[in-house]
Structures are given as structure tokens and as C-alpha cells.
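Got a structure here, written out as C-alpha cells. Questions coming.
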Amino acid sequence: MVVNDVIPLAVVLLSVTVAAIIFPLPQRLNRLRSAVNLAGAVVKLALVVLLVPPVVTEGARPEFAVPFLPTGTGDPISLVLRVDPLALFFAGLSAVLWLLTTVYAIGYLRGTAYQSRFFGFFSLCVAATVGISFSGNLITFLVFYELLTLVTYPLVAHWGDEKSLKAARLYMRYALGGGVAVLVGVVWLTMEAGPADFAEGGAADVAEFASHSPTAAVIIFALLVGGLGVKSALVPLHSWLPAAMVAPAPVSALLHAVAVVKAGVFGIVRVVDDVYGIEVAWDLGVLTPLLVVASVTVIYGSYQALRQTEIKRRLAFSTVSQVSYVVLGVTMFSMAGTAGGVAHLVHQGIMKITLFFCAGLFAESMGAHKISDLRGAGQRMPWTSAAFTVGAFGMIGLPPTAGFISKWQLGLGALESPHPWVLVVLVVSSLLNAAYFLPVVYTLWFGDQHDAAFTSGHEPRLLLVPALCTAGFTLIVGLGASLPFSPLEISRLIAEGVFS
Amino acid sequence: MTFTQFSLGALALLPLLAAALTMLLPHPVRRALGVLVALLVAGFTAPVLGSVTSGELTELVLGGFDAPLGIHLRGDGLAAVFLGVTSLVGVVVTGYAAVLPKSTGAHLSATSWVTSHPGFWPLWLGCWSGLNAVYLSGDLFNLYVSLELVGLTAVALVAVGGQSAWEPALRYLFIAVLGSLMFLAGVGLLAAVTGTLDLHQTRSQLDELEDPTLPLLALTLITVGLAMKVALLPMHRWLVPAHSAAPSAVSPILSGVVIKAALVVLLRCWLWALPAVPGMQWLAWLLGGLGVAAVLVGSVLALRQDRLKPLVAYSTVAQIGYWFVAFPLLLHGEHDGAPLGSGAYNGLVALAAGHAIAKAGLFTAAGFLKDRCGTDKMSALRGAGAHHPVLILAMGMCAVGLLGLPISLGFTGKWQLATAAVGAEQWWVLLVVAAGTLLSAAYLLRGIAPLLLQAEVPENAPAAGPVRGRERLGEIAVLIFGVATIGTGLLGAWLGDLLEVGAWW
Amino acid sequence: MLMAVGLAAPVVLAAIIALAGLLSPQGALRLRRGATVLSPVTVVPAAALTLLSPDAEWQAPWLLFGTVFSLDPAARALTLIAALLYGGALVAVGWLKTKDAERGSGALSGFLLVCFTGNIGTYWAADVVSFYLTFAVMSFSAAGLVIHYRHQRARRATRIYLVMSVFSETAILAGLLLTAGAGGYLVAEAPAAVASSDHTGLIVVLLLIGFGVKAGTVPLHVWLPLAHPAAPPAASAVLSGAMVKAGLVGWIRFLPLGQGPGDVPAGHVLLALALLGAFAAVVIGVLQQDPKVVLAYSTISQMGFMTCLVAVAMLNPSAAGAASAAAVLYAVHHGLAKGALFLGVPVVKHYGSGRTGVLVTVGMVGAALAVAGAPLTSGAYGKYVSKEAVEGISVMGLGLAELLPLVAVGSTLLLMRFGWVISRADRAAPRPPDGELLSWLAVCAAGVTVPWAAGLWWLPAAGEFSWTATALWDASWPILLGLAAGAVAWWAARRRLAPAWLRADGTTVQPGDLVVAEESLLTGAWKRTSRGVELAHRGSAAVLQGGAAAARGAAARSRRGIARAESTVDSWEGSGVVILVLTATAVVAVVVWGGGVR
Amino acid sequence: MVSVDTISWYLLVSTVMIIFGTVRLLLVRDLLARLIALDVTGIGVLLALVALAARSESSDPVLQALVITGLVIAVAFTGLGAVLIRRIEGLREDGGGGDRS
């Protein structure tokens, strides 16, 4: 147990250490930098995996706390790192995807400038993500959440041209605005109900607070979710996400699949399930409005995606739409729905990262940025195209991909819940998803060959392997959805905890 | 006399002696001596911090004179925090100045202007001595004297910056003296009423007093006078030129610690010297209102600057506002058993301490860039970060502190301020904190983002020249500030414990 | 276990064909050719399963949401014909390859293999998720068959096919979700669950639409006449022979047949659409020139016939068992016969003259007679049991049992048209008999025997053929009528009695008849919605921008104001005045008010 | 025994000096005049302190100490100010520098 307690801290510090080692490395030491990066990623994954058996099967909750903020009453508020299944779930996702993204980024950025800076912040970004996932209370969450905002700024601005800086500024503006809203919410809630340690089924203090001053509880909920909604790109707070597409492809992958958007939506899950508790939130009547917002986001994001002609922008709007599935699942107030939403947290991650990896590959090898540029890519870059196809099918929700699993689970959840109309949202969104992804797949495989314009079609191995891995995961996670320790099974476990 | 007590005395006197000594020495030796003294001072700070951490209040009566006239040094929580911060800033800035003498100003040698100014060393050491004395003083008399020492040396330090710095220095001088005169008048009034200058004795004397008018008048004079020295809006106008025109090694001292000296004096007067006098809240609200205005106006003005150092200086104006926003909350009672006043006070101190480190870092960086590129116009600094990744990283870390994002003392302070405000149901504070955070993000981004541009660094620009080893060392100074900004953020709880020692409540 | 092998073997082989790309170009070519030639073997496990273990079951609780596949009589019969058809198609394709080195890299075989897995999977699936999985696999891999030639027509057909498939899949997904939500996760429990669900009507409509696309129900049939001629003949054979039956199977599996009171409105609508399809397809079909288009319309007509049976099962719960068994039997018969006709198209081209010509003609005529339902053929059996099943149902005063034989008249006409068209088609130089011919012959032979065997031994619910003269006459008169009508039509055409606009070359009514209308309807609807959304979007953006501009203006004004104020304090005197005023105010306020506050 | 009236008178004078000095200091542009106004204010404050010190029987040592220190500091500042003013004026004569302050 004692050893386990240290692991959460070790995982966070590991990435920080990696960053600290990488920052001062001179540009030319590519090998060393890559080695440190990969070693860090592998060790991190190993540590997270080490936590799975005790947490999931034995029900242990390794915890590490350090006093952080003084309070008037003596007991300081602590920074708490605690591992529960949901935390492990998210950390596992980020650990796996970080490893792959690191490999990809090493290949992608080969020969460009400022790599040490990039990888340094990259590691910090993951440190923040792991911190977010292991956070044991709202303050800790807030700390890492803001840290994430800060360390992603240099990544978005990485290319250092006017456009990147503008996008980064927009991102910063949105993210900080959201961060401030969260801060105010957390301060208020902490003052009223203590530091609000995350607890399965909701914190008791918060429940009591909500029972005697429901109005304040609703306002705090709105502040928290509104702030988190910025990062999770809920409409109308989503504009930063498509703009941030100017960043290098690994960063987009990170933003969309591993870290930023996920952090926001993970936060919403935490607030609904582990701070307020879903019963309390339901009684307060805050779930339905959020559900409606999520529904609008799902549809609107798909609609916007349909209108885009650039690959990356289409993917970005697709993220807007897809991430809200998680919110949809969590707020529909049914156990199956929560399980589906939580599972989609992982499913969306692996599918979307596949797509971004592939988009980056297309852009790198063929210079393809618009969908029409992809004509005939299936012939020249068959592996990339295959991976993209798997990802796209996942996004549409075709079996046997991971996307189908979450969609099905969410559909069942909707039918169990008091809001069966959500099924209509799911169906319409499936149609729209198909409408904007199938043409891409069609263009890839069956489009007319382009003329001499794009001749090359090299698929660099460092970029290809991660894409194939995630595509493989998409299928494996989908096919093996009922295996023990599969995302779906773990999210069912989590959902049971939520409704216990 | 224990070693801790000895340390108290040494902290106040050692730099002063060293300052006197340096005046007799040639320039290179001054640098070496300066670094030595800085390290010694830091060394003497450690036992004080240690004893305060263990909950002890160390006191020293110098020269055998006891209250009311003696030199009475008290190493309490407030003193310890600011001693620690000042030592940190002092050591790093001293090192920076020793490595890059260019940053110490410019002087006229025979016929031409030479960069580096030997006068920097005695002035800075003298200033440091004054600062330490301000923190440690347990009586109003010493507070006054040491504050004047700080003021005098600070004005001279600005003037060291060369021609362009003389006028700002003079303006600073007038305000500083006027402020101290008001302070003096207030102290005089208090002394006339109580017959003593010792903080504790004053407080107990005033407790028995029936008519609060005179203490209140005294407090008003003291407050206005010190607010001038702190540069609370709208009495901030001297600060911007003075801090911008000062040499690179001086601006961080001025913005980082010198204005904190006046703040400490203000806190001593409000919280230690005076009991809760009815009518005080009016003054507190006035300060709070000005604080809000300072946060907003300072940020907006920072946003309009096109040069880096004035931008950073206006950022100081804005940050000063936060400290005063806390004043109305200082007088509040309890909420759920948690004393709100102490929460606000903790927040204020954390904000000020965090600001000291972060702002010192940012000003060092700005000065560094100005020295290197010959200008601090932001349009000319585009892409300057290309050769200084470490510098940019460090600036970013300092910016975190100024923004009040976790992990930094700025966050700790804002958190405590905000919780105290929620407890007191002063919701406007939350709005101010939120608006201030966003505005400061805007101006800091405006300051730092252009440096990140990688596109066009003209070949012949000074920024494109090779970076010397010494300059790399200078960057390390900023990095230390950056790391310290983040690192101290973890010390929030410890800071709270420290401030318990010798607190007024 | 054999079941798992049956499902996995084709997929594995398809994967090998795909992964061959890892090798050098030569190696890839060699491996792919080998795999293609070998591919027909992969249908053997499935075929063996139908013969050896009639109630096989395979459970994989770890797969998806827990997967169960099992074999029932209907699945058994359909699987067998699927195996035969796909086997035949694969042989034909594989043989073609070695000779002509057909373009593509085994892609056609690969898609056929995946399609086969999906197809038999839909028959075997015993839970809704695996049904949906296999159905989707089948639908989307079929797109690869349709687009194979990549010419303009194939592309258009594929696009339309894909769009309709997406609609179909979505409707099915929603329907199956509702079914599962109502407790019908297992197929065996699904009809009861649907019947007892709160949303029975909705589920039924969704399923009718979803499977209707596949089963070619009017007006969702439009992809059929486009896809069939575009696809290679082997692919058309499986499309028409096996795949469209998956829709039928879907209905039989999930619709609440035999449950509740029957006589539901949806049943009436379905019946009307089915009859419309059965007859209208004839009219449009005879006006076509491409033999495969004619066959496609024949399929639509025949599927209309089978859909009638499903509708009857919906309307008359007591006849549900017999009707659906009849539908399956009819599907078995039609699958083989129609498959034989489609496979025969290139066979006629390649072997239609010379020594093999007689054989080919016999086979084709036999298959055509079977489709038309001539006595002694499997078609007569299918039609007989169907007629028995629909006894007692009437439409607009006409007994269904009297109406259905008229479909055979239509079929006869269509097939005469087909024979006419194909007899006029170009012939290639005669070839010696090879795999293509042999596989076709095998399918023809199976078409003669398998439906009888399946009907007698595997589908007892469908009833037996009664070898009476009445029954034989019932089977014969529609064909004779059809022949007569055909003769009249031919005579009229010779004498140019037909109006000028009526031309039998596919120009009067384009293949795909309603597709243009539906397309424009759909695009129009999309345009209107998207315009609406766009307007709303722009409007909200304008409001937002207006708000943002106003806020920016206000911010700029306040910034300017602040800057002006700052410039006043900039001068010494300015700041002096401010300090003075402030000090005075503070002193006065505090002393006066503070003093008075006590 | 000093009469209270005298003290009040001194206090009045000092207050007037402070106010006059401060106003002059804050509103005049000429640097030298400003420095002198500053000194006037300073002397006013010190005078007030002396007057307050004189109220008690034996004049208050605390306040006297303050006055003496104040004087020293005022001298130091005046000296520094004078040096700065001379330099600035020198600059202006050379035609450099601005006239803002």
C-alpha cells in the first residue's frame, strides 16, 4: 500500500523531470532527447499499469497529500493525488496515447527547430494531464487544469508565426476565462462546503450545502461547468478549438484526444459525479440544461464539420461534436448512459488521435490539406488511409469499432433515462457523422487519382506506427468491449460507483 | 544573545557597514564584496526563518536602550516572510549585477558615458540594510528612519541610470519625501498622544483612549503618505518613469522589494500600532476602492504600452491594487469559525511576496532585453526570444505568478483573498480578481508573445548577435526567479504558519 | 467452433489479400493471385455447417456486448444458398483473374469475402449487436463491389448506394437500440420485446425503412437498378441472390410477427408498397435495354412478392409462421435462380456460341423458368407455398391469392425481355469450358435441387407442394399469359404500334426510375435545412458580432478615457492636484465622518 | 511652564506651513521652487512635532528624537535633490532632455 501511495506522485513528477531534463538539451542531441522522452513515456505507462490491479480489483485508493493552502481554521487545504477507477481510466488513456504521440512527434518534428522547447512543454502538458486525472479534490484539479492551459500555450504557438500566435492568444483567452470561472466556483464551493474531496456518489458536504442553499449550489455548478465547458468546447464556447488547428499535428492530437478537451470534459464528469453526486445534481435540476447544451453541441458540431473543406478543420468540429457525447452520457441520468459517456472518454481519444495522426501524415507526405487533395491517397498511402478509415468508421459509430460501443451504450442509456429523446440526437448525429466522414473515406479509396501534383506518398515509419497502433486499439477496444479491464467494463464499474 | 538574535542585528547592520566600506574600494572589489555580503545576508536570514518556523518570536534590543526610545528589532512572521523574499531577490539581483555590470547604470567618466556605475554597490547595500531594518523594526521611530534610508538610496539608485533617469529620480524624490513627511506627521501625532513609539505600547495606550479622532487623523496621514510611497493609484505616476528609467539591476529591486517596505510599514501601522478604531473602516473602504481602480486602470494602461519596461511598471501599479483590495476585508470578523481578517492578511502578504519574486524576475528580464537590444520597444523586440529560450521560459513562469495562476504565491494570495471575500460576502472582490486576472493575462501576453515570433529576426539586429557566456548567466538569474515563483507556490501553507508568529491578533 | 471458422476464414483471407501490400510488388501479386484462387474454399466451412450441424451455436461473451451466433432452419437454408452463390462468384472472379489479370489487386475477391462473412453473419446472428455488426459489414463492403469498375456509372451507383445504406443503417441502429432497450437483446426474444415495447410503432417503422432499403422496397429500391449493372456480374449475383435477402431476414427476425392483434396500419402500407413494387417494376423493367438492369427490376418485383408475405405475416398473426417460412423458401429459390441468371450474363457472352451454347441456353432458360415459377421448377414450389400462406387476405376487394400469380405474368414478361436483350448482345470468341462455366453450372444445378430439399427437410412450416393438376395449372397459366402478352407486345413493337415516346431502350424511364426525384428531393431538403441553419447561424453570429463590437467600442472608449485621465496625471501639476484633493478628502472624510460615527 | 496658547499658535503656523508647502510643492513647475517648497513643508512638520513635544512638562524625548532625525533626513534629501536639479538644469542648458517633470 505504501508503495502504491507514492506512485501517483511519481507519475506526475516523472513527466516534470523529463521536461526538466529536456529543456536545457541542445538542439543537436536528438537521440538523447528522444531516448529520455520515450523512456519517460514507457516508465509512466508501466507505473499506471501497476496501479490497475490494486485499484480496480482490490478497491484500493492510493493517496498522496501535501498541505497547500492555509485556511483560517487550522487544517490547511491539501493538494491531493488519489487514484480511483475514473482517475486511472483517464491516466491510462493519457499514458498510452502519450507514448504513441511522443513517437509520432519525434518523427513529425525531425529536423525542425526548437525541439527541446517543444518536448519540454509536451512533457509538462502530460504531467498536467496526469495531475488532472489523479486529482483528489477540486483545488488540486484546478491547479493542474490551469497548468495545462499554460503549458499548452507554447505548443499551440510552436511555429511562431503570426497565425499561430493569434490562435494561441485566442486559446489562452478562452481557456483563462474558463479557468477564472472555475476558480471562482471552486473558491465559493470551498468556502461553503470545504475542499470537496472527490467521492464516488458525490461529496457529503456538498450534498448538505446543496440541500440548504440550492440557489448558490446551482450558481456554483454553472460557474464550474461553464468554465470547464470552455476546454471541453461546448457550444458556444468552442471557437478556440478549430482555430488552434494551426499547431503541429502532434499538438492537435494532444489537444483533441489526450489532454485539453479531455481535461475539460473529465472535469465535468468529476463535478457531476464526484463533487455534487448525480442524485444531488438531478435534484437541483442542473442536469437537463446541460444535457440540452450537450445535445446542441453534438448536432451543431457535426453540422459545422460538414461545411468544412479542410481536413483538420473538419476533424476539429468533429471533436466539438464527439466530446459532448461524454457530457451527454453523464447528464442523461442513467447508469448505462454514464458508463457510455465515460467509456467514450477513452474511445473518442483513441479514434480521434488516429485521425489526427493520419491527417498529419497526409499533410506531411502529400501536402494534402483539403479533402479534395486526398483523391487517390488510398493507392499511395494505403496504411495511412486504412488507419484513417478505421478512425472514421469509429467516429461514425460503425461496428465493430470503439465508437459503436459507446454509441450503443449511450443509446441504451438514453432509453433507460428520463430523456429518451436523446436517442434522436444520437441518430441524427450518426447520420451527420456519416455524411462528413464517408465522403472523405470515399475520396481516399475511390477518388480519381490526382495528376502529377502530388507525387510522393512516403509513409515515415515513426508517424505511421502510432497511427496504426491507435487504429488497432480502436478495433480491439470495440471487439473486446466485454473483456475484463476493457474501457467499457471499467466505465461500468465507475457508473455503478456513481449510482451507488 | 543567541545566534538568531545576532542574526537580527546583523541583518540590519551588516549591509550598512558593507555599504560604507564599499565606498572606499575600487569598482571590481565592490562587486566581489557585494556578492559576499549578499550571501552573508542570506545566511543570516536562515536562522530567523528557522526560528519563526518553529513558532518562536525573536527579539533584540540594540545598544541596551529599551522602549520607548531604543532600537527594538522583532523577528516575527511578517518580518520573516519579507526577509526571506528580500534575501532571495537581493542575492539574485546582486549576482546579476556582478555578472553584468552593464546593468548597474551609466556614469560620466572624463568625457564619455560609460556603462556600469560604481555607485550602485554602496547604494544598493545601504538600501538593503534599510529594507531589513524596516521589516524587523518593532517601533515607529525605526520604521521611519529605515524607511527614509530606503527612500534615499532608492532615489539615488534610480539616478544612477544616467541622464534619462535624473528627472524620474527627482520626481520620485519629491513624492518620497512628501510621503515620509506625512508619515512623520502622523507618527508625531501618535507619539504626542501616547508618549511612546513602540508598536505594542502604542497599541495598548490607544486602547485606553476615548477619543479616536486624533489616532484616526494620524492614521489617515500615515496611510496617505505611505500610499504615495507604495504608488497606489492615483498617486502612482512617479512609479512608471522611475521604475522604467532605472538601470536593469535596479528596477527589480525597486518594483520587487522597495515598495514592499512601505507596504510593510503600512501594515505595521494598521494592524500592530492601532487597535480597531471606529471610523477606520471608512479609510479601509477608500483604500479598497482605490485598489479596485488600480487593478483595472493599471491593467488597461499596461495594455496600452508599446515598451516593455513601462508595461511591467504599469503591471506593478495594477498588482498594488490587489493589496489594497484586501484592506476592507482585514477588519472583518469571522465566518464559520475562520477569522476572515487573518485570511485577507495572509492573502495580502502572499500576494505581495509573490509579486516581489515574479516582478523582480520580469523586470530583470525586461532590463536584460533592453540592455541587449538597446531598446525595450516591443516592436523592436519581435523574435528576440529566438536566442533566449530560457529567458522566455523564465518570463513565462514569472507571468504565472503575476497572473495568480497555480502554482504560485500569487495564486495562494488570490485564493485567500477570494475565500475571505466569499466569507465576508463581498462578491465584488471575486469580480475584481477575475477581471484583474484576465486583464493581466492580456497585457502579459502582449508583452511576451512578440518575443516568441520566430519568423523574422533581422540579421543586423542586436538581438541576433551571439550570446555571451555572461549573458547566459544573466538569464539564469531570471530563471531562478521563475522557478522560485513556481516553487514558492507550494509554500502557501507554510506561509500561513509563519504569519501566525507574532501576529497582531 | 465450425461457426467461428466459417465466419473468420473469409475475413482472414481478405486480410491476407490486403496485407499482401507489405511485400514487394511481385510478391504481393503472387500472394494475391494465390489467395484469390483459393478463396472459394473459405465458403466450405459455412456450407458444411448447414449440412452437418443444424443447430450449431457459438458464444463469445467477450466480443462486443456478448455475442451469440446460432443456426436455425431459415438460416440454414439461406446460408447454404449464400455459400453456393458466393462460392460460385468467387470461382468466377478467381478464374477471370488468372486469365485476364483483371485490374485491382484481388480487391473484388477481398470484398466478396468480407461481404460473405457479413451476409452469413446476418443469418446466424442471435443477438441484436452482432446482427447489426454483420449487417453493417455486409452493407459497406458491398460498396466495394459496386464501385469495382470505377467508371462514372459505378461511382454514381456507389454514391447512391452508400447514401441509402447510411440511412438504412441509421434507421436499423435506432430500431435495434429501441428493441434492445425494450429487453430484446437476443434475437429470439426480440419480436416479443418489440411487441411489448412502448414504442412498437416507431420500432416497426424504423425497421421497415432500414431493411426496406436492402430488400428493395419501393420507394427505397432505387439503388438496385443502378448498382446491379454497375457491379461485376459475379457481384451482382450475390447482391441480388443473397444480400437483398438479408433485409428480408431482418424483418422476419425482428418484426413482431405473430404477436398481438395484427392488422396494423404499417402492415397495410407495407403490403401496398410491396404490390406496387411487384407490378411497377415489371412495367419499368421491360423498357430497359441492359440485361442486368432488366434482371435488377425482376429482383425488385420478386422482392415485392416476398415483402407481400411479410406484410401478410404482420396483418394476420395466425398465418405468420407459414408466411415467413414461405418467404424464406421463396428467398432460397429466388436467390439461386436469380444468381444463376446474373452469373449467366458473362457466361452467355463467353460461352454462348459454339459447343457450349446449347448447354448455356438450357441453363439460362431453366433458371428463367424457375424465376417465373414454371411447373416443376423451384419457383412453382415457392409460389405454391406462398399462395397457401396468403389465403384469405384481400386487397381492395381482390384476394391476394389471386393477385400474386399475376406477379409471375410480370416475371415472364421481364424474363422474355431479358432473353431478347441478351440474345442480341455481343458474343466474345468462344472459350473452352473453365471455372466460370463450371461454377455457373453448379449454381444452376443447385437451383434445381436445393430449394426442394430445403423446403421439404429444413422448412416444414412452409408446407409441401401438392402435386395436383390444379396446382400445376395454377403454376402454368400465368406463364402462358405472360408469353401471350409478350408475343402481343413483340408484334406491336414490330408494327410500330407503340407510341413514339414509349421506347424500350432505357430512355423512357431511366434505370433507377425514382432516383432522380428522390435525389433532388433530398438535396432540396438538405439545402433548405442548411440554408435555414445557415441563416440562424449568421443571425446569431451577427448578433454576437454586434455585441462584441459594442463591447469592444465600450472597452475602447473606456480605455481612451483612462488614457486621457492618465495623461492628466502625467504632468506634475496634474498629479499634484489629484494628490491634494485625495489627501484633503481623506482627512476631512475620516476626521469628520469617522469622528461622528461613534 | 509654557502657555498652551503659544503651542496652539505654533501648531497653527506649522499647519499653515505644511499646507502652503504641500500645495506649492505639488503645483509648481520650477524644480528649485519645488525643492524649497518641500523644505518648507518639512520644516512645518518638524515645527509641529516640536510644538507637540513642548506640550508636556519635560519636553517629550521621543518627539525630539524624531525631530532631530527628521532634520538629518531632510538635509540629506535636499542635498540629493539639489544635485539632481543641477544636473537636470545642466542638461536643459545643453539643449538635451525634455521639460516635463
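Per-chain residue numbering starts at 1, and chain names A, B, C and D are given in the order in which the chains are listed.
As a convention for this text, a residue touches a chain if its C-beta (ideal position, glycine included) is under 8 Å from a C-beta of that chain, and two chains touch if they have at least 3 such contacts.
This structure is a prediction, so every number in the text was calculated from the model and none was measured.
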Q) Can you name the chains that touch chain B as well as chain C? A) A, D
Q. Of all the chains, which has the CA centre nearest the overall CA centre?
A. A
Q. Which chain is most remote from chain B in terms of Cα centres?
A. C
Q. If you tally contacting C-beta pairs, which pair wins, B-D or C-D?
A. B-D
Q.
Using Cα averages as centroids, what's the distance between chain A and chain D in whole Å?
A. 66
(Q) I'd like the Å distance between the centres of chain B and chain D, where a centre is the mean of that chain's Cα atoms. (A) 27
Q.
Counting only Cα atoms for the centres, state how far chain C is from chain D in Å.
A. 100
Q) Distance-wise, how many Å sit between the C-alpha centres of chain A and chain B, to the nearest whole number? A) 41
Q.
Multi-chain contacts only, two chains or more: what residues does chain B have there?
A. 171
Q. So which stretches of chain C touch two or more other chains?
A. 570, 572, 575, 579, 583
Q. Which residues of chain D are in contact with two or more other chains?
A. 22, 25-26, 100-101
(Q) Going by the touch definition at the top, which pairs of chains touch each other? (A) A-B, A-C, B-C, B-D, C-D
Q: State the interface residues of chain D toward chain C in the complex, per the touch definition above.
A: 22-23, 25-29, 100-101
Q: Provide the residue numbers of chain A that touch chain B in the complex, in ascending order.
A: 23-24, 66-73, 76-77, 113-114, 116-117, 142-143, 146-147, 149-150, 154, 157, 159-162, 165, 168-169, 172-173, 176-177, 179-181, 183-184, 187-188, 190-192
Q.
So in the complex, the part of chain C that touches chain D is made up of which residues?
A. 570-573, 575-577, 579-580, 583
(Q) So in the complex, the part of chain C that touches chain A is made up of which residues? (A) 18, 21, 61-66, 129, 132-133, 136-137, 140, 147, 150, 155, 158-159, 162, 166-167, 169-170, 173-174, 177-178, 180-182, 530, 533, 544
Q | Sites on chain B touched by chain D in the complex | A | 68-69, 141, 144-145, 148, 151-152, 155-156, 159, 163-164, 166-167, 169-171, 173-174, 176-178, 180-181, 184-185, 187-189, 191-192, 195-197
